[in-house]
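Input: structures, listed below.
Across the two complexes that follow, subunit A remains constant while its partner is subunit B and subsequently subunit C.
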Partner chain A sequence: MRHLILILTLLVGSSFAVADSGTDGPPRSMVVVVNSQVSEEDISEGDLRKILVGETRFWQDGTSITLLIQAPVSWERDVLLGKIMEMTEAQYRQFWISKVFRTEVASGPKVVLSNSMAATLIGKIPGCVAFFDSDEVPDGAKTLRINGLTPDDENYPLRF
Partner chain B sequence: MSIRAKLILVFMLVVVVSGTNLYVYYWSRGQTDDSLEELRRATEAQGELNLIERGLNDLLRQVQIQANFNEESGSELAVRPEQIENFDTESEAIAERLKTIVALVSADNQAELAAVTAKTTELIKSWRRFYLFFGRDHVEALTELLVNGEPLATEVIQLLLPDLITKERERVAQARSDYYTRSELTGRITTWMFAGSTLVLMLAMFLFSHDLAQRLARLRHGAERIGAGELDTRLPDTSRDELGDLAQSFNAMSGRLQAARQELDEQYRKVESEHERAQGLLLNILPSSTASELHAEGKVAPQYYPQATVLFADIKGFTLATEKISADLLVQILNDYFTAFDRICDKYHVEKLKTIGDCYMAAAGVPNRRLSHCVDAILAAWEFIDAAKVLSARPDYPDWQVRVGIHTGPVIAGVVGIKKFAFDIWGSTVNRAARLEQAGAAGMINISEDARVHVKDFFDLESRGAILTKEKQGVDMYFVTGAHASLRSSEQSLMQSFAERYRVYFQESLEHLPSSMLGQAG
Partner chain C sequence: MISLLLAGTANAATLWESEDTLYNLNFLGFFHLNGAARFGDDDERDPAIVTGFQEARLIGHFSSRLGSRFSAFMEVEATHTDDDTRGRMERLILKYDINNASQFSVGRFHAPVGYWNQYYHHGRWLQVSKDRPLQTEFGGAFLPAHYWGAMYERNIPMGERIIELDLGAGAGRDEDVAAPSFDEVAVAKRLSLAKHGGHAEGTEVLESNWSVMGQVNVVPASRRGLAWGGSFWYADLDGDGLKVKERIVTMHLNYIGESSALLGEIAHSQHERPSGGGHTDSTAGYLEYNFLLDSVSPRLRPYGRVEMSDIDDEDVAYSSVNSRSRLSLGARFDVTPSSALKFEVRRDRLRDGGPSTNTLQAQYAVIFW
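Let's turn to the complex of A and B:
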């Protein structure tokens, strides 16, 4: 019962958040933040999608990619699933569970409960990558350009 | 070598061959058992490694699911105790398997196993720390997982363990191949060994039995030949075994038998000689058929002959000669006469019966019945007279002439007494023949009327009329003057015509005629 109430709360909250993010307020930009040891400075939308679906598992220097995704009802997760991966929560869970059980990947995306947790892990773990609202990027974090563009550029692709 | 020693040798050979086969069998089984044990251990090790791999993958999935999708696990939602308990159970099982497998993994792979064990131990510790921190210090939990757990999991599950499994799989394949190779090799060796042993034993048994059978066959054959009377049979077996001894005994026996047989033959020849001599003596006094009957039956039954011819020949002048000639010379001359008569009797199937002084008594038709008995007696008498003429012509021999009397009639013949057997005849015919001789003339054959009836177609006869005998009875008597005129006047020779008539009348062949009678021909 406790789980049911929690799931319902999350679902309702999530729907409000999506509705809120997609329709109301000024557009927000999402940036890709990586551990400072990652050599890349720029990434294409296609490569980013491959990282999100586990097709690309290593950076160019051979470092293993560790993907951090915020827990449900966060804006970043909603944007990643709804706008970039175009999956629902259920589809996303099913997609990764299948990969793990088929042993297609050794490690799936790790859930972080808050941006601060994500920021901490980004600083600790080499090859770690996470997604933040451009206004909440932790200090000193390394952000990657998308298609050579920064959030300040007009055609930045991760602006929603 | 004795047969017993040969049998013991063959038995020892069987024992040695059987022992060798047994040794090869156990050696082969040991070889295959070793390889089978290696295969079992390799297979078991592979199975254990697969279970370890599966267990680690299960734990990895649990950790992944926990780390990736447990979005509900906030700071207030730690890992449930049963999850920890389940993890501990499974990780302990893996650790236990890792301990067990040390005894199963090959020596070559022990280093890899040690690395797997060490890394797995670290991995399990990392995962456990992840569980302990999860929900309490999520950052620490994920840091532990990402910094230690996942690299260890990648190293153990994707590198070390698969490498060890591959090596153990190769070991299984090698052990299987080795097992099959050894099985095939040992099977082949066992089969060839068995076949070779069988061949050796068969050869040994064949040689032994063949030798034994051949020598026994030679013995049997030798015994058969001895049984068939070939006493000079000797066996060539000179071997120094029981059969050789038997062969030597056989040869000694056959030698003794041969010597005994030779001695027996010698005795038999002597007996035979004595028998022949006795038989000759017996035949000298008895007709052959009578002698045979006496020999076979021990006695001679008297026989009645309705028709037989009795001949008496007396030497005229003998009594007078006894006064002038010495006794020994007289006996010698008389022996010459009677010897000549004996030969003549044989020639004409006439049986000499006895001599009484200078009188020679014979009979025809006894004991062998012949229809020609009367003709035979006259032909013999005719040649008696011829022989007497020849003998009397010899120098210093007296001028003896023969007077013959012949009568035909019934007689009884037989042998009487148990000593000095003599074949004799009885009856009035004998007396009548004696009277005819007494009433005859020197150099003449005087026959009775009964005799005339039988010979009238063969001889010319001169009737003398009725002559008074000693009993004062008048008896018709005839002198035989020669062959019948009809026989002498034919175109054929006398011998041919006489023989032809003789054959027609008596169904017998005639081989001789007295030479003086033949001189009358034409």
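Let's turn to the complex of A and C:
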């Protein structure tokens, strides 16, 4: 019986630890990184959301947007889905399946398994856009200001 | 100069190859397995209701970007029933993105007539309830399901809402009306049913040569909340010495919430005989409510649907469609994120004293993504 109580205590404790792991520590900033050929320097939160939901598929110069999103169980994906798109993983999945089914888009966002993979693709694909923790931005990458603000500014909107 | 040209060629090749890796084929698949059993009073059989094993259907949806603005879509279907196994192409679309808000396409489409036809169609996993409503049922003729032609789509932002506009023109219905179509599951049963429904036993094939259609859907930008809209379809149906003008309008009002959804739609069809034969009016509609029963399981979604179709007995173009009402109560349980089990108790009633039938319906629906 004592073993059972101990196991249950550990399980409950570990579940709290997992649940809290995303919110502990100081706030982190999300950075929007684009291929260097993208002419935009700044983007609004609203326009960013339109890219994330596939309503905006081209940059202003007509280059098609290739959207990269990290695989599940990553801080970047959790923030994009939970804070910006306000969708659960299941809703996000159904949302893109429906868009492809209705032939609005040929495919959903490209899933990248790691930030290094995202960094490689960002450098090679014109019009590519990805999201990084501000501490993990690839060297030499072009980042967009959000509403004219950078992660160093006090009111930067993508700080979570 | 030569080195510059070579460098340019190399860059172009790199760009081409890197883009090409993204233009890969995407596959989206649906599969469902249907069955049903009768229960309760069963004084007179409704031959349109298939019991036991109903069908197994696999839908393959292939799509690929062909370039920065061109994309291609193809949807194929394979169905197995007790009577037959067959396959057919459902959609074949070549699409051009004019800009962020507009697209132009040619090919074979789902007709943008009616919300269900456009948003769920073959995607049983996408919908909560087991089957389509009567007005868009598989092989049914009330609403046009497919057409060959062209379509212009435009999204117009309006504050927190988006107006989705579809305009199409084409070669009319790509299925026969007034006769069981090729993909009708129970052709023989429908012909027999005509006797019960009061229609003439003989059927005449009517084909349409042209059609224009449109759909407007006002949706929240978040895709959750209140949405409404409507659609229209104009076509001429032409048979052996018989001409009919077909005019269909539909209206829908939906609420898609975090944990519940209300779907309502009504469709009215008018068939006019130009040679002074007058016109007939037929109506069909449904109202469905589903909700997440989180207190029992976050994967359990009970639902209920009432629906009816009221077909004019004199309507020559709907000889294979019958007036009936249907009440369905059921539940969907998501076994895994990609598969769902649905059970439903259903009562069908044919109009004018026709037989009523109680059935227990079941479905296993899967998505490959």
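Everything below uses one rule, namely that the second predicted complex is superposed on the first by the 136 of 160 C-alpha atoms of A that agree within 3 Å, B and C clash if a C-alpha of one lies under 4 Å from a C-alpha of the other, contacts with A are read in each partner's own complex, and residues count from 1 in each chain.
As a working rule, a contact is a pair of C-beta atoms (placed from the backbone, for glycine too) under 8 Å apart; a residue touches a chain by one contact, two chains touch by 3 or more.
Note that the coordinates shown come from a computational prediction; the quantities given were computed from them, not determined experimentally.
**Student:** First (subunit B), second (subunit C), both or neither: which does A:Ser64 touch?
**Tutor:** both
**Student:** For A:Glu55, select first, second, both or neither according to whether it touches subunit B, subunit C, the two together, or no partner.
**Tutor:** second
**Student:** Let me test your reading of the model: by the given contact rule, A:Thr120 touches which partner, first (subunit B), second (subunit C), both or neither?
**Tutor:** After superposition on chain A, A:Thr120 lies in contact with subunit B alone.
**Student:** Taking the superposition on A as described, I'd like to know which of subunit B and subunit C A:Ile43 touches: first, second, both or neither.
**Tutor:** neither
**Student:** Does the superposition put A:Glu86 against subunit B (first), subunit C (second), both, or neither?
**Tutor:** In the superposition, A:Glu86 contacts subunit C only.
**Student:** Regarding the shared-chain residue A:Val31, is it in contact with subunit B (first), subunit C (second), both, or neither?
**Tutor:** A:Val31 sits against neither subunit B nor subunit C.
**Student:** Quick check on the superposed pair: does A:Ile97 touch subunit B, subunit C, both, or neither? Answer first, second, both or neither.
**Tutor:** After superposition on chain A, A:Ile97 lies in contact with both partners, subunit B and subunit C.
**Student:** Under the stated touch criterion, which partner chain does A:Lys110 make contact with: subunit B (first), subunit C (second), both, or neither?
**Tutor:** both
**Student:** Check subunit A for residues that touch subunit B in one structure and subunit C in the other, and list them.
**Tutor:** 64, 66, 93, 97, 100-101, 103, 106-107, 110, 124-125
**Student:** Residues of subunit A touching subunit C in their complex?
**Tutor:** Contacts found on subunit A: 53, 55-58, 62-64, 66, 86, 90, 93-95, 97-98, 100-107, 110, 124-127.
**Student:** So in the complex, which bits of subunit B are touching subunit A?
**Tutor:** 57, 60-61, 64-65, 67-72, 74-75, 138-139, 142-143, 145-147, 150-151, 153-154, 157-158
**Student:** State the interface residues of subunit A toward subunit B in the complex, per the touch definition above.
**Tutor:** 3, 6, 64, 66, 71-72, 93, 96-97, 100-101, 103, 106-113, 117, 120-121, 124-125, 128
**Student:** Quick check on the complex: what are the subunit C residues that touch subunit A?
**Tutor:** Residues 14-15, 18-19, 22, 26, 28, 61, 63-65, 68-69, 71-73, 91, 93, 95, 97, 99-100, 103, 105, 118-119, 121, 123, 126, 153, 155, 162, 221-223, 337, 367, 369.
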